[in-house]
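Two complexes, one shared chain (chain A), two partners (chain B, chain C).
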Partner chain A sequence: MYKGYLVDQTLLDTDPHFAMGCEGCHKGNLEGATREEAHQGLVKRPSDNLQTCATCHQKITSTYEKALHYTSAGQRHGVMKRFSETELKQFDEKIFEQSCRSCHASCGSCHVKAAAVGGISIGLIKGHKFIKKDEGKTCAFCHGGRVYPEYTGEYGGKPDVHYQKGMLCMDCHQKSDMHGDGNTYLSKQDVKDRPVCTNCHNKLGQEARLTTRTAHTQHRDKVTCYGCHASAEYRNCYNCHKESESKPGFILGLNPRDGKTLTTLRVIPTVRDTFAAAGVTMSHFDALPNYWNTPAHNIRKRTDRTRSCDACHTDKAGFLTKEALIENGSKANERLIYPINPIPITE
Partner chain B sequence: MKTKITVFLVLILFLASLSSSTVAVDKSNCMTCHTSDSAIKALYKPPVIDTHAGEG
Partner chain C sequence: MKKRKLLILFAMLLCLLPLSAMASTLPPIISTEETAAALSNQDLIILDIRKIEEYKAGHIPGAISMFYGNLAIKRGDSDNELTPDDELVDLLGSAGIKPESTIIVYGKTDTPADRVNITRVAWTLKYAGVAKVSVMNGGFEKWSIREKRAVSADMAKPKAVSYKGKFNKAIFVNKDYVKNSLNKTLIVDVREPDFFEGKQKLPMVAKMGRIAGAVNLPSIQVFEKYPPGDHMETCCWTFKDTETLKNMATGVVGVETNREIIVYCDTGRVASTWWFILAEVLGYKNVKLYDGSMQEWTKDDSAPMLP
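Right after this comes the complex of A and B.
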């Protein structure tokens, strides 16, 4: 762990970022003789204040201050419908600003030093070098509970086929997804240029193979790509801020955002008393479900569902049922159950 | 003559680009410890792990 605080001395002579000395960004006390004295007034994350980087990177910081990685607005927007007006004010004050916002990424979180998650950080990514990207040490750290290990196969099952082909996060998620495009979004769902499979796979329904062509034509706009091509179980969290209870699961149901598309769902850990410890209740808890559409990052060309129509239409494997709903969950959960039917046989 | 001046200027610029002293060098106290493996190892304090923090 201590190595994460070691600075590569050669950078001092070659990287213009060091032209102002350490204190240019980190402040502190240059005259201090001990660790404690030297660290008096230290700014641990200088780029929390975007103006630090704006001196040179004005264009990027101007869009980044509105980007979701910086504002964390998605976390607030995702839960706010559960609160009354008074409760929302309490949530903003006691939870969003204190907890959610503490997770926002500064410029340095991706380009210099990996963010601390659960109190653990790997420290400097490459001896304080200002790197362009290193997904395995940056994206993976914050998104390492679910998405990244699904993608690499470390969570079980096979790795995502795109990972096996050598693709990493930034091959689909563009730079503008990170730095923002200048627009203020409340949720990642609203981002205009977010990645979609059809950016590359743009000839669906024109395949030579009849079964593939038929499947893509029949399910287009009715089932998401993940619905068929997510290859294995992914992590679902059941009791956040209580007993840790995350376990694998594969859940197919209606996308709560449109109420009609069949897709992979993930249990999102907001239970009735999630914020009780902070004295915040959720009067409208049932306004939102506990399951949300999820872009499972374990895509394969062939899965149980692409091999056989029966996997869904007869066996109903993975489909959300009333019996499988989480206990004491939201009443909105039942609306996500998809009544899958056998394929009608025509003469 | 004009060609000679151009070649001379290009040579000067090339030599300047080879210089490693193009940025200010920080020789402050910070670097005394933060570039020394043994010093930073001795000073390092493991973080207190927040078991309530989530992961995404």
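Right after this comes the complex of A and C.
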């Protein structure tokens, strides 16, 4: 029997996941004497087939097979309006199934071994231990490009106030955000039971301090919480893939999903020729903007905009302008520019 | 007989002294042993400046999380800047810190950045007007890995207070202050000699060189591996003993403890080591930290530099 790979013996003895031996999940050839022989029929990512985990975790896998983390449907939904019917078929075949779907998280991607992001995996989370949750790893593996470092302040800036208070991902997000609720969704926007600031901050407009009370009352339903409380620049695709030094890292504009709420926007990486290499064009590229509303994860009680009305109403700091729009972007981008006005002075 | 009675009375009075009076005697660089002995002191606040994930995995029992990133932020292109005063007041208040609190700060000592983060937080607390601040020598690794002392995974929930400390703004200086201090004040560059001599620079610093007239007192030599000696064990890093630090300091800044000294580095973080040693350990009374440091100085063509 080949003994080239060893899991900690204590773990093998105590964790019921190993009761059926390595081959219970990874298959392979138990009788093989060499690495090559032992690896015949090896399944590298057993949980890609949810039935592997369903043996014991039937309830979770039954909802997870419809969850956005597994289906990656949000990625398709976010771009599909740019395609004609024919182009969408090409996209599904050449891009979605080949590329986007490769990002889907199997059970093991969060609980055992980091998913490969851009072809790179940083390996086992903790020596093949099955980790229930360890947000700094289980979530940050995939969401470590933007959201997680924004939250912890590791891009510079400031850490999110919730991080400062000791909260991690699962203190706001629920299990159903990860494992699904049994319904099939096209996009996370369709999920009703998502984290909302007012779940906890449910006394807005009742604050003792007059300026706070007035600000919350005046801006409620017009500006999202992020609009005022996102504390610093956040990462947009061009912060790494630089085309210019002059682009802002903090963008305020109209939410493209409702066309009326002022919120933080983030540039998305789809440009006119994104899929050209695969021979897929986007006839309706201008149907969608290059900016989506983003829940910036760097919330602070105090920001430049909470300290002074002038930051927005006079200085217009961070507001999307025609000059700041990305070059050769979608014609839909201009609709996101919010005409911020000075506060009218009344007698 | 009368003398004996007086002695007994004195001993009784000592016993009645509030614990806070004992806490005021904590040394600026406090050992893990002394920290453990002080744990029962109700007036002591221990701050863990590591990441929340690390804190939640285990920390000194009772320690409050005060992640470093809350206290040193990026502002524009400048790294490790002081957080705005109003946010600093919020942060200290939410941790239950009062100006008269006795604080022990600890973190990790794995990397040079980890080591200097601890003194940077201590400097920030002093800036905010907290009088009694100590840093724990050897960090959490010495406490937990080497010495296997008690750790807790329970999140400490301090009772918030309204922080009303008087900010000690004199220990912070800006670029204009430094410009006006040239040839008058002792300016101390704590970077490594190659950086001081203009042979190397970090990417975020625009130009090689030093502030004109500065002397060099590298912070890299402040720490030593623990336990000392020629071996493969890597536990942690500790400050060198006070006598060694004193010899290093006096050779460069002299023995006059009343003179004004400004320390700087590349971003204002590393300089906090020598600020802390000079001001808190060795008793230099007028030490200031140039927070903008070379990251700011080198962007100003009118700011004098050498070589």
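Everything that follows uses one rule, which is that the second predicted complex is superposed on the first by the 330 of 347 C-alpha atoms of A that agree within 3 Å, B and C clash if a C-alpha of one lies under 4 Å from a C-alpha of the other, contacts with A are read in each partner's own complex, and residues count from 1 in each chain.
One rule holds for everything that comes next: a contact is a pair of C-beta atoms (placed from the backbone, for glycine too) under 8 Å apart; a residue touches a chain by one contact, two chains touch by 3 or more.
All of these numbers come straight from a predicted model, not from anything done at the bench.
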For the combined arrangement obtained by superposing on chain A, do chain B and chain C clash, or do they fit?
fit
Based on the superposed arrangement, let me know which partner A:G182 touches: chain B (first), chain C (second), both, or neither?
neither
After superposition on the shared chain, which partner residues are touched by A:T14: those of chain B (first), chain C (second), both, or neither?
first
Taking the superposition on A as described, I'd like to know which of chain B and chain C A:G136 touches: first, second, both or neither.
second
For A:L6, using the defined touch cut-off, is the partner it touches chain B, chain C, both, or neither? Pick first, second, both or neither.
first
I'd like to know which partner A:G28 touches here: chain B for first, chain C for second, both or neither.
first
Tell me the contact category for A:P342 with respect to chain B and chain C: first, second, both or neither.
neither
Partner with the higher number of touched chain A residues, chain C or chain B
B
Can A:A38 be said to touch chain B (first), chain C (second), both, or neither?
first
Answer with first, second, both or neither: which of chain B and chain C does A:G144 touch in the superposed model?
first
Would you please give the vertex angle at the Cα centre of chain A, with arms pointing to the Cα centres of chain B and chain C, as a multiple of 10°?
80
Gap in Å between nearest CA atoms once chain C and chain B share a frame through chain A
18
Can you list the residues of chain A that touch chain B in one structure and chain C in the other?
none
Within the complex, which stretch of chain A touches chain B?
1-3, 5-9, 12-16, 18-23, 26, 28, 30-33, 35, 38, 103, 116-121, 142-147, 240-241, 269
So, in the complex, the side of chain C touching chain A is made of residues 51-53, 55-56, 65, 67, 69-70, 73-74, 79, 83-84, 86-87, 90-91, 94, 155
Which residues of chain A touch chain C in the complex?
134-136, 152-159, 163-168, 232, 300-302, 307
Contact residues on chain B for chain A in the complex?
20-26, 28-31, 33-35, 37, 40-41, 43-44, 46-56
